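Several structures are given next for inspection.
You will see chain A twice below: alongside chain B first, and alongside chain C after that.
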Partner chain A sequence: MAPKVDVKERTKPLESLKQADDGPVPAVLRDIGHGLLPLTPEVNKQTPAVGQRVTRPDSRPHVLGKTVYIDDMTFPDMLYTKILRSEYAHAKILSIDVSEAEKMPGVVATLTGKEIPVVTFGPSYQDQPLLADDKVRHMGDGVVAVAAETEQQAQDALAKIKVEYEPLETVLDPLEAMKDSAPKIHGDSNIYATKTIKKGDVDQALADADYVFEGQFKTQMVEHVPLEPHASIALWEPTGDLHVYSSLGRITLGRADIARTLDMPMNRIRVTATIVGGNFGGKNEITLEPILALLAKKTGRPVKGVFTREDEFISSTTRHPFVMDYTTGVTKDGIIVARKVRIVCDGGAYCSWSETTLGKGAILSVGPYNIDNIKVEASAVYTTKTTTGAMRGFGAPQVCFAYESHMDDIARELGIEPLEIRLKNAFHEGSDSPTGQVLESVVVKESLEIAAEKFGWQEGKGKTNSNKRRGQGIACMWYPIGFTVLANSSAAVVKVNEDGTATVLTGTVETGQGSLTVLGQIAAEELGIAADDIKVVSADTDTTPMDTGAIASRTTYVTGNAILLAAKKAKMILFDTAAPMLGVKPEQLEARDRKIQVKNFPQKALSIGDVALQAQFVNGQPALGSASFNPHTVAMDPETGQGKPFGTYVYATQIAEVDVDEETGEVEVLRIVAAHDCGTPINPALVEGQVEGGISMGVGLALYEEMLFDDNGKQINPNLTNYIMPTSLDMPEVEVHIVDSYDPTGPFGAKGVGEPTSVPTAACIMNAIYDAVGVRITSLPATAEKVLKAIQERDQAQPKQIAS
Partner chain B sequence: MDVTIKVNGRERTASVAAETTLLSLLRDSLDLPGAKLGCDVGDCGACTVLVDGMSVNACLMLAAQVQDRDVTTIEGLGDYDHLHPLQAVFEQESSFQCGFCAPGMIISAKALLDENPKPTEYEIREALSGNLCRCTGYTKIIEAIMDVSGQSASHADSKSA
Partner chain C sequence: MPRFGMFPAAFGLFDRGSTLKPFEYLAPDTVDEAVAILTDNAPDARLLAGGTDYLVELKHASEVPKVVVDVSGISEFKGIELTDKGLRFGSGVTHTEIMESDLVAEHALAMQEAALTIGAVQTRNLGTLGGNLVTCVPSVDSGPVLIALDAAVTITGSKGIRIMPLLDFFVGPRKTALEPDELLVDIVIPKEMLGRGCSFRKFGLRKGQALALVNTCASIDLDAGKLADVRIALGAVAPTVIRAVKAEKLLNGKAPSDDLFAEAGDMAATEAKPINDFRASAGYRLDLIRTGTKRVLAEALERAPR
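== the complex of A and B ==
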């Protein structure tokens, strides 16, 4: 038992000790030359900082090839890890024998699931093993980890591991997996999450509708393909603390998972993220980190693990395939009065982010339309396939493809123009969402009108060019910012330096989306300084505060708001300090052009640096602020789904122009005009970059990408040779228009832009294919083979018409 | 075996196993981690370097094949204070996002412009078609190369509407 310690109370109040002495405030040299710094464009030095096309602070290292990713890091005496993965898609593990592998040259240690203190993890349910210990549920499941002197030695040793399996029946189709007769992958049922949204009386409204339309739509499994594979390094400090360097996109919760699985306190674990080489939702989960930590503990040496490209495909999370059945009742004028949606989400072998995807997908599946009578029933189902998880859009690209294809089918049958039917039904300011949330800053109609105008929607229809037929297609969407109801908090610290520059601490991770730039601009704006006056320090759990991570398009809105509030607090300290110096009240002051000045009397001003020095040295009150922000949400009713699941939403329209070759079925996307709302664009150049990148991902989803499995559940294209993603030759010309909107709850009116950019792309391309050749592609991707088959079926159904 | 190459203007020698790739030689033996390992089979282009002025996937070449040859990696193009014009324009136009493809992309662009100082947009797209990028949709990369080669790109810059 620890000896009792008698702690005496301090006799002198702390406040009395805080008084600074009367000595002079140290002089800080300002306007020192910047000859040692890069020449950055004038916009980086300008105020206001928000709205400027500021260049990225991470650009210089990128273009020099000096950005340090995990695989670029080495530590003395470091070992390398490789993972033996399952031979079966579903099997019991009867025994594991590593004795021969451990004798292989260079092998220092092995690890199995039984050696991990808490072997399972997961954001909703802890159903996923770090290394499978009793059962494998898909072929990507890791079974044994080997640490060796070189990667090759680790790889060679895998062949010597003997694992005895008892194969179990597999189930690859989610509809099959729902049946009672299906083999059970976990517990008693393969249906592991359901979501229901109900509003009005859908059956009555369908009965009363002038017309009822039905359609079934299916989507495929897609991989994120970050160019940088998942990578991490674990080492134990001499203090006994664990230090993990990782390509995780959300380090705070990554640390929580590492702490949980290793049964360690969080303060003894430091997770440092580097700049992450692409995330798109795929790096939001721990993968190797606890395994490497345990191997490092066993060996007393740093251990690195980097996924191979095949590991990326078979073992990391992927986009959920959806099967979606739509029934929609409309009036003869094209007003939608009722919509019933059934979604079956192929949840793969483990839950991961399926529950969230299902919830978001269910809410969004109704479309950005005013519909009084709604019923959505959605289920996530286990299959013995690769784990499906978070991926750019959380179910939204899937449902948008369905509701926008369905919309064009309805429009055609009713003889209403596709743009017109959307404008008739689209949300407006104050619309009631499917969950009963009153929507604000709604600009879906504006996005439709702007996209149509910029595209020249009426022009260029049905042009022919030898075997090619040209078509245009439109799709609009709505998308929420942040998690569905789940707590979604970010904290931030803003410190004003004694020369008037400032440092921001945030736990979010730069994964390429530009958070270091945008968050810096937000802090700069609030402090009245320029982007170049800010440094954003991110992604180190020892120094940066809690953040829910680079996920759900939440960074600008949630982390941005936290930084805005923290900067405001720091600014209030500057105002309190400056007010007596200027002989005014704090509320008469403003921070502008790198000065604290009296409103309307800019000549009465002090430099921010002078005020910061005064605050620190004379007043004993450092100019730093900390704050956190969590979007206001209201839990959804489990029976009806009614509630306020999100803080805010964005809206967008994309219009595609395509050529379809009737002889080959090949689709070429010529151009896409995109009109996206992101609230205030904090940095228009980065907004454009997000839209352009999102569209390329959407083109891949639409036309090329699909993870294919054989009957045993083995992936047949886990590489970039046979898994086709868009290259520079496949990318259409993209025209980006930012739709003017302002969200009063966002930082300077900003909302977000990451995920929604890839949501309507596949939908508008499918509608353009229909416009070109009159075939409705109901399952993605629209490969040349699939399109050609549909054209042939069209020709069999009706005699070929002479092209007009 | 010992391999001697001239890399970024300096003669360097390293002792490597016979099966060592050029990429591994650069990254693991010569402290030049600029070229990245993205797929290890020549699909992604993240490891692109110049060998005697020609762009190659360093993961597909053996170290032994570059004996006495001239290799340029991203580290040889410019430094912090002296950016190569391509590096400057990519920075200026925020062409990259995560940056992992950047070293290979810049080297491929250099190989193109060395050969063809005024490429058409299609020629640029063709020259970059072996360099995968998942973040940018290639748009700002193509625009930057048009700009740096003195041609006005078909700028698709956003207009607040």
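== the complex of A and C ==
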């Protein structure tokens, strides 16, 4: 195992970075083009590579506006596609008539679901049609695709399509949908997945507990809102091979879905992911790709399709609304002895990733606490609403909001300080998880202590300020890395060039998080070279090896491990080459500072370039390695949920400080101090970026965002005017602290950080609101109107009493 | 000579992957040219200033007008200046220019408070005061301060020049007193209103780029310690910006106090007819009117010269 790498504390506090931002902005000179000048920062050339704040190779093109997204790409004779979507949230399709549309100017072809070889797809169940052919189950279902010479002509033709429907009864509330009397959306039951976790004897433990607390919590449907909507281009090579350019975040499985739906062999399909303009879990599924491929086949021309913002809202996947009932038994000292959780997950019209989200949500719903007696029952239910699927946090932000709000309610009733009750119950090294997994590299207590210290947490701090009242709230969480039980492997190839630089091939996709930078640093570290010496080639199914994709916070841990193992193999060839040159055994060598050197005798060394040259052109054995990695898991028992579902977990705490205006209900989040564990931070700057971005999503979930539906199941606010996301002005000051931990199974001790960053934010803000004005918001988002109503109810219930 | 051409092709912006339809584009340099173009083409002509509202509308429009007249190059529409009549804003002044103007800071600070709440930096750099007023949505952010400061607008057209109070210029949602061949030239805050205590507060669903749920503005004078000539303007609570005249009446001639301002807030709420929609209930908007009115009155008092 590689030695632990010391990572320096963040050397520049936010304030100094801000000052740097305030300085004079260097003018971008038009004649420097897009930057072939030697502008590589020194830090990219440093060894060791791990732990450096290496800058991203793609940042310069982004800032110069030179990044090519799908919408920037064009091919000769390319056509544009628009999709006609359903008029009803639930209806039978009786007939489709495209004859008038096909006569419209510029229209070259149309496509219906009946023309698609295998029309349905989905990661767990194949219940979702690419284009609905017999029934529509929500307003976002596509029914007909049109390809035309211009986007406008395609759009205009949609109005000429005649679809005859027989409307069916809709069901929008998941609790209603569970009833026998509810209209059935697929088959004969709307409950399509259930998860159970059982440990100990929860009923006995609740009966024996000193106190029992109950609470119900609800969350809303939210959208990922990537700046770049779903987009792809399909074209057929003269050889008869299909080439798809796509904004997909997982190309290996995307190609499998395309091959399945088109009934084609995989070797005839090439999927190339472009630079993805935001994913957050929303681009894990195919959308237009097979439709464009068939239109391209029909017309013999390249076909492009780009979602409008409205398409993005109504037809792509979203975050699941959860209804969560908690019952918790506690001793008078505040030790939790039993917890019962019931989760109903609004699964939307199709399963997508709901089955797996439900599993992860169920496991995490207990919280990062040692509880001996547990029962979790979770169900996912079809409704005639927008499909719910994978989204950053995968069920965790919902349950964290519930268990951490519930925790503060318990603490208050028992008169125990919120930080103290968490420290009393938190997991420790070797804790037994709800599924019976022995936990390692557990730092939830450390994260609580660091966050509290850096925040200046003390009970009853600064309370009031004219109409505004100040409050502080804490929330901690745990989050797994990688898929739940399912295999989620990655393969990688590392090639050392004859000058000692190296190229990494990986099938993962850069979706904005900086993963390629981190993966390059891992390869560089193992080879003893700098980040700048690495080129990472990614995301082309013809050239890069299998990868499960940018999902489940798994890239650093799983793909990183595969790259580490591949680099190790390449390094072994370098050692075998260098050993006779230096007159030692290969085991005595190490790769450091761009040299292959004898351990403890750094003066006895060769440059890595000289060794690579020798290997390639003298010995005829180029330094090349390929490897794969899959986290070790043990299947969960279907009755009790016991098993080892994940390779490893991360832990974090966030503390929010808020001002609540008692007369308007407006909540201003002033600052959030976040203490996150990610194992070894391969690149601390990118960890901080992830935390800041995750918190912005958490603030949106907490206070602003909600997809609204009318009684017919039509979305009311599918646009950025009326779907309220936080802007930079609504963001708090964010202070990031990386909690020291080391996971022996991760590359150089690293775990992951992408999703967990958005998990505890809503919970800590809700607890801060309670602290400020004494009202418990049990359903998200806490809009100003909702908070004011709660304050007014508080005043009616307890006139004159001022909340603490 | 006016610049002309087919937009957006003339700007190299048209491509097949765009839903923006072609239209004729004219960019006069003087008010006279603009009036002539409008006279010839009304009602099939539309005005374009900053374009922050209109280009969005055009992008999704099923039909485009015959002519789009870009008035952003007309020099008479530019500039903020102190004249013998008062503080004059050319209709083409951008929100950013208002925010950066020392004259506005000195004489009508609340105008800067309102300008800061409009859109994002890019919107404020392009969007104009005249455009904001002419678009005339109920939530028009520039409206309440100007009405609380009794501003008048100058309109020009083929039949000559008209001057009217801004309150009369706003006719209904997206409807102003402008005839098809007329243009808004400038907006003047009268001299006697300059420097009085005035405060603006917008309530939206978030801080940045928010659509107003309620806009509140108050301006006051003090006469021997008593409130005088109080003007309260409310936006987004009725089809156009309204004045809360009953609340004003309640306040005039009285010594200011927190209780009096709270009472005025309650009175103002009885004068508004806010809508009930998915953004907020009418009840919540009324709460905001009460609180907002009370607060802008208190702040206007703090700012009033004694």
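Here, the second predicted complex is superposed on the first by the 761 of 804 C-alpha atoms of A that agree within 3 Å, B and C clash if a C-alpha of one lies under 4 Å from a C-alpha of the other, contacts with A are read in each partner's own complex, and residues count from 1 in each chain.
In the analysis below, a contact is a pair of C-beta atoms (placed from the backbone, for glycine too) under 8 Å apart; a residue touches a chain by one contact, two chains touch by 3 or more.
Just so it is clear, the structure is predicted and the values come from calculations on it, not from any experiment.
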item	value
Partner chain in contact with A:248 - chain B first, chain C second, else both or neither	neither
Touching partner for A:336 - first (chain B), second (chain C), both, neither	neither
Partner chain(s) touched by A:443 [first = chain B, second = chain C, both, neither]	neither
Touched partner set for A:704, first chain B, second chain C, both or neither	second
Chain B versus chain C as contact partner of A:721, first or second or both or neither	both
Partner chain in contact with A:785 - chain B first, chain C second, else both or neither	second
First, second, both or neither for A:80, with chain B first and chain C second	second
Partner touching more residues of chain A, whether chain B or chain C	B
Which superposed partner A:729 touches (first chain B, second chain C, both, neither)	both
Which superposed partner A:696 touches (first chain B, second chain C, both, neither)	first
Chain B and chain C footprints on chain A, overlapping residues	71, 306, 721, 725-729
Chain A-touching residues of chain B, taken from the complex the two chains share	27, 33-41, 43-44, 46, 73-75, 77-81, 83, 86-88, 90-94, 96-103, 106, 124-126, 128-142, 154, 156-161
Of chain A, residues touching chain C in the complex	71, 74, 78, 80, 149-152, 155, 304, 306, 663-666, 704, 708, 716-717, 721-722, 724-730, 783-785, 788-789
Contacting residues of chain A [partner chain B, same complex]	38, 41, 53, 55-56, 58-69, 71-72, 224-229, 275-280, 306, 308-309, 446, 450, 454, 511-514, 675, 681, 684-689, 691-697, 719-721, 725-729, 731, 733-740
Chain A-facing residues of chain C, complex	15-19, 21, 120, 203, 205-209, 211, 278-281, 284, 287-288, 291
